[in-house]
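Here subunit A shows up in two complexes: once beside subunit B, once beside subunit C.
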Partner chain A sequence: MISNLINRKIFTLLKVQYSNMLEYRVEIALWAISGIIPFFMLNIWTNNNLNESINISDTLLSRYFLCAFFVRQFSVVWVVFSFEEDSLMGKVSPYLIQPLNPFFRYFAQHLAEQITRFPFALIIAFFFFILNPESIWIPNLGILLLSIVSTFLSFLIQFLIQSIVACLCFWTEKASSIERLLFIPTLFLSGLLAPVVSFPAYVKSWIYLTPFPYLIDFPANLLSGNETNISGGLIMQILWIFILFPLFKKIWSEGTKKYTAMGS
Partner chain B sequence: MVQNIINVKNLSKSFDISSKEPGLKGTIKHFFRRQTKSLKVIKDISFEIKEGEIVGFLGANGAGKTTILKMLCGLIYPSEGSILVSGYLPFRRKENFLKNITLIMGQKQQLIWDLPPIESFYLNASIYDLDKFEAKKRIKKLSEMIEIDEELYIPVRKLSLGQRMKSELLAALIHEPNILFLDEPTLGLDINAQRNLRKFLQKYNKETNATICLTSHYMKDITSLCKRVICVHEGAISYDGKLDLLLKKLSPVKEILIVCRSEEDAIKLENSGFTVKNKIKNEITIKIENNSITSSLKTILNNFDIEDLFINEPPVDEVIGKVLIKKDYDI
Partner chain C sequence: MNLRKYLKVYKKFLHTSLASELEYQTNILVDLITAILSLVGSIFLLSIFFQNSGYIGGWKFEQALIIQAIYTILNGITNTWFNPNLTEIVKHIREGTLDFVLLKPIDSQFFISLKKINPSGFLEIMLGFLLLFFCIRINQINLNLSFLTLSSITISCSICILYSLWFFISTSTIWFVKTWNAIEVLRSFLYIGRFPLSSFSFSLRIFFSVFIPIAFITTIPSEVFLGLTVFWKILLEIIVATLFLINSRKFWLFAIKFYSSASS
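Moving on, here comes the complex of A and B:
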């Protein structure tokens, strides 16, 4: 019954946010295009034959970066910026006195944006395959489903990390500057610029203890068919969600006590 | 007996405020060593509000009216004291409490900017667990009361301020709350829109027996809606009671403009012992205490040749203005 109600709320939120997102379809197409950093990295890797050092073929590498592009498209999060703006402008106030945590709104906003983004991502992938026909492959259904789950878990981890940072708005007002600190490890350790497997062994062992490789590297390797520890990766993703969620709840409950409803 | 729906006891709220000296030196000093001080904006206030009451909170800018409303609806956490609204501690924001209240802030919007208001209404309906049929029924009823129709299907960004405010009101009332917290609800609205909003609030209060707590700088909002006012001065309550008592206390005399048939009559009246404010030819303005108006007018009409007379109520804004700068009104 309770889950039904929540589902209905989320479904309506999703529907409304999707309608809202469709008002911005041009912007979403541009955002999708702006996420092509993995293709630049692919170019750098193949032109310098860097893949030879980690024993990955050109084909597998190009599939990896295509999958990194896809995972990134469906796990990108900007809640810290939205929440910070809403918090500073006093827009959070009416949401706070509704019987639904305001973060559900942002969550639905992100999901709606992902749905809107999907066709644009497919078009980019289509052009990628035209330029790299040797990279075409069809993942088996099981792997595809696990990759979707893993990408969603990656989105959840990033959403929770940013939501925790966003809650720091209650103390610092400019939480996005703290998010900037996380941007560097996310960029280098997530697998967006290079597969984590390319890092030295002693560094890798540390990286795998952080949430970063489970954001892009793990789901991208899974989808592209590269060798990866599927169960280990999924368990780590779930583990990070179990660590981050209570942390978010705690910081939210403490933060709202500090809320001053500025700008309203 | 009517129950108290809001109980506030010894409530205080402090904010940490950082201050900065002007100029480059001040900026550098502020960067390395921030000076913050705790500012007590609400000071040990207590009051009760009964179910179905409409209470106006009056005070100058920064007096603390909005902070009180924000604490009553659970938006901000009190520093000291206790608040009980409808049996709940507001800052805990329990679902049943939130379903019972609403907060409307003038010029602050919850509607989705790029979509027609109807989308936000259905969204709010689902947040408050209303099914589609019930939501439709309430939207129809409220839109008739508020008098909006076509605007429901036009993107919010294309609506006028008045239309937007009406839509905001509908969005905030779709769950039929028992307690309404209204912070400057008529801010920026034209005279007709203000009047319509007041009419609507009166109707809503009458039909649902909802309790309304209101702040406004437009005295017409207060005088036409509230029988009781709570005056807030520098975070403390300076007056809590009936509005008409306050007005009588603050303005114990009425001004009467008397047009005499001749200037001689006016001179006679001027010298008859009444307090004269001014005299221009055959027109004379005198001040009479509220409790002796009838007898004084009888004397004037019997003894002087009067062509016309006008009783002037002092402007409410002027009277209330006195409250905003005074610390205590003991009535």
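Moving on, here comes the complex of A and C:
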């Protein structure tokens, strides 16, 4: 009975958000295009023969960057920006009265956006293969499923981190600048611009303890067939979710106590 | 055009927007840390590229640092003026408040492009200049009058091109209503500006000098610093910048003919 109710709620939320997202198809297509930075990086790597030094062939490297593009497409999170706007405008108050944590709403929004984005990402991949026909490959089903799971876990980690930052809105109003700060290490350390294998040793010694390489590098290596520790990576992803989730619940309950709506 | 009147109005703009931005002091501190981290991150990325090869596209590490410095300065200018103002156009059009701008007895493009200022971008500009002076020392560049004029001419041309690119994209909102993500596409293309143009493949080089002249923005000023540039390139940049500026003006006058305010 209860699970049925939750299912229905989630289904309705998804349906509403999906039709909302379909309204802005062009915007989402543009957003998909804005994620092509990995391809520029690939161009620098192969054009200067930099990959020889890290023992990755051209084909594997181009697959890696294509997968990095895909993982990034399906793990983009912007909850802090939505929440900041809603909280500054006082829109959070009606959400708080509803018997549903408002973050479910944002969560459904993200999932719906990913479904809308999927065809555009496929089109970009199609063009990529036309330009680089030698990098076409078909991952086996098990690997494909595992990488979908790990991409989703990466999305969850980023969603939790951003939700924690978003809850800071209850205290500081402008939490998005903290998010922009956190985005910098995510950009440079996650493997979006350069595979983590190529990092110098003094970075590699500690980076695997942080959540960053599990956001893009690990799922992309998995999907592209590059060498990676599958079970270790998945365990670390789940571990980070178990660390972040209680933190989010704690800060959410503290924050809602602190919350003062506009006009109250 | 009454210059004195515009100067006076601009002083008022500065006063009001500085006053409102300085309300969020911790924000400025966070933005400073973000700017420093982002510079450290891109130098880190550059050092990965150079760790096993002395040259990238014919540029040494010390020379490529000049591009980083100029990119940082231009990015600071973008964050100080272009980003806060030109993203506002999107909001004006969606909410119909562009009416109030058009009704004012002042040039609307002037109003819309310079109304706001974000002081945290200044820190980034200063950071860029610090790096630039450092580069001038390690590359043993002689400072003389002709060099200073040439470099300031090319950098001002870059600023004009950058402004026009931002302005074109934001103005297209009049037809497309939501173009937040078009701005994201521009941002991701501008990312190219962190690296020497010659490190990319031929087709990308053509694309980024003919269609979106990002090549002109950072590479040509850096070549001026190194004394590598030829006269026709500087002339070309001046012509491109003038064309872009004139067209941005024409485009704005053309676009506001199509503006129908929110209720009509």
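Keep in mind that, in the parts below, the second predicted complex is superposed on the first by the 258 of 264 C-alpha atoms of A that agree within 3 Å, B and C clash if a C-alpha of one lies under 4 Å from a C-alpha of the other, contacts with A are read in each partner's own complex, and residues count from 1 in each chain.
Following the convention adopted for this analysis, a contact is a pair of C-beta atoms (placed from the backbone, for glycine too) under 8 Å apart; a residue touches a chain by one contact, two chains touch by 3 or more.
This is a predicted model, so every value here is computed, not measured.
Asks: Between subunit B (first) and subunit C (second), which does A:200 come into contact with in this model arrangement: first, second, both, or neither?
Replies: In the superposed model, A:200 contacts subunit C only, not subunit B.
Asks: Subunit B or subunit C: which reaches more residues on subunit A?
Replies: Of the two chains, more subunit A residues are contacted by C.
Asks: With both complexes superposed on chain A, which partner does A:229 reach: first (subunit B), second (subunit C), both or neither?
Replies: So A:229 meets neither subunit B nor subunit C here.
Asks: In the overlaid three-chain picture, which partner chain does A:57 touch, first (subunit B) or second (subunit C), both, or neither?
Replies: Neither: A:57 stays clear of subunit B and subunit C.
Asks: In the superposed arrangement, which partner chain does A:185 touch: subunit B (first), subunit C (second), both, or neither?
Replies: second
Asks: Mind working out whether A:12 is in touch with subunit B, subunit C, both or neither, as first, second, both or neither?
Replies: A:12 sits against subunit B, while subunit C stays out of touch.
Asks: Where does A:174 make contact in the superposed view: on subunit B (first), on subunit C (second), on both, or on neither?
Replies: second
Asks: Look at A:30 in the shared chain and tell me whether it touches subunit B only, subunit C only, both, or neither; answer first, second, both or neither.
Replies: second
Asks: If you lay the two complexes on top of each other, which residues of subunit A touch subunit B in one and subunit C in the other?
Replies: After superposing on chain A, subunit A residues 24 contact both subunit B and subunit C.
Asks: Can you check the complex and tell me which residues of subunit C touch subunit A?
Replies: Subunit C reaches subunit A through residues 24, 26-27, 30-31, 33-34, 37-38, 41-42, 44-45, 47-49, 51-53, 56-57, 176, 178-182, 184-185, 187-188, 191-192, 195, 199-201, 204.
Asks: Subunit C touches which residues of subunit A in the complex?
Replies: 24, 26-28, 30-31, 33-37, 40, 43-44, 47-50, 52-54, 172-174, 177-178, 180-181, 184-185, 187-188, 193-194, 198-200, 203
Asks: Can you list the subunit A residues touching subunit B in their complex?
Replies: 5, 8-9, 12-13, 16, 19-20, 23-24, 90-91, 93-100, 256-261, 264
Asks: If we count contacts the way the header does, which residues on subunit B are in touch with subunit A in the complex?
Replies: 15, 70, 73-77, 91, 93, 95, 98-99, 101-103, 105, 108-110, 112, 114-115, 119-120, 122-124, 126-129, 172
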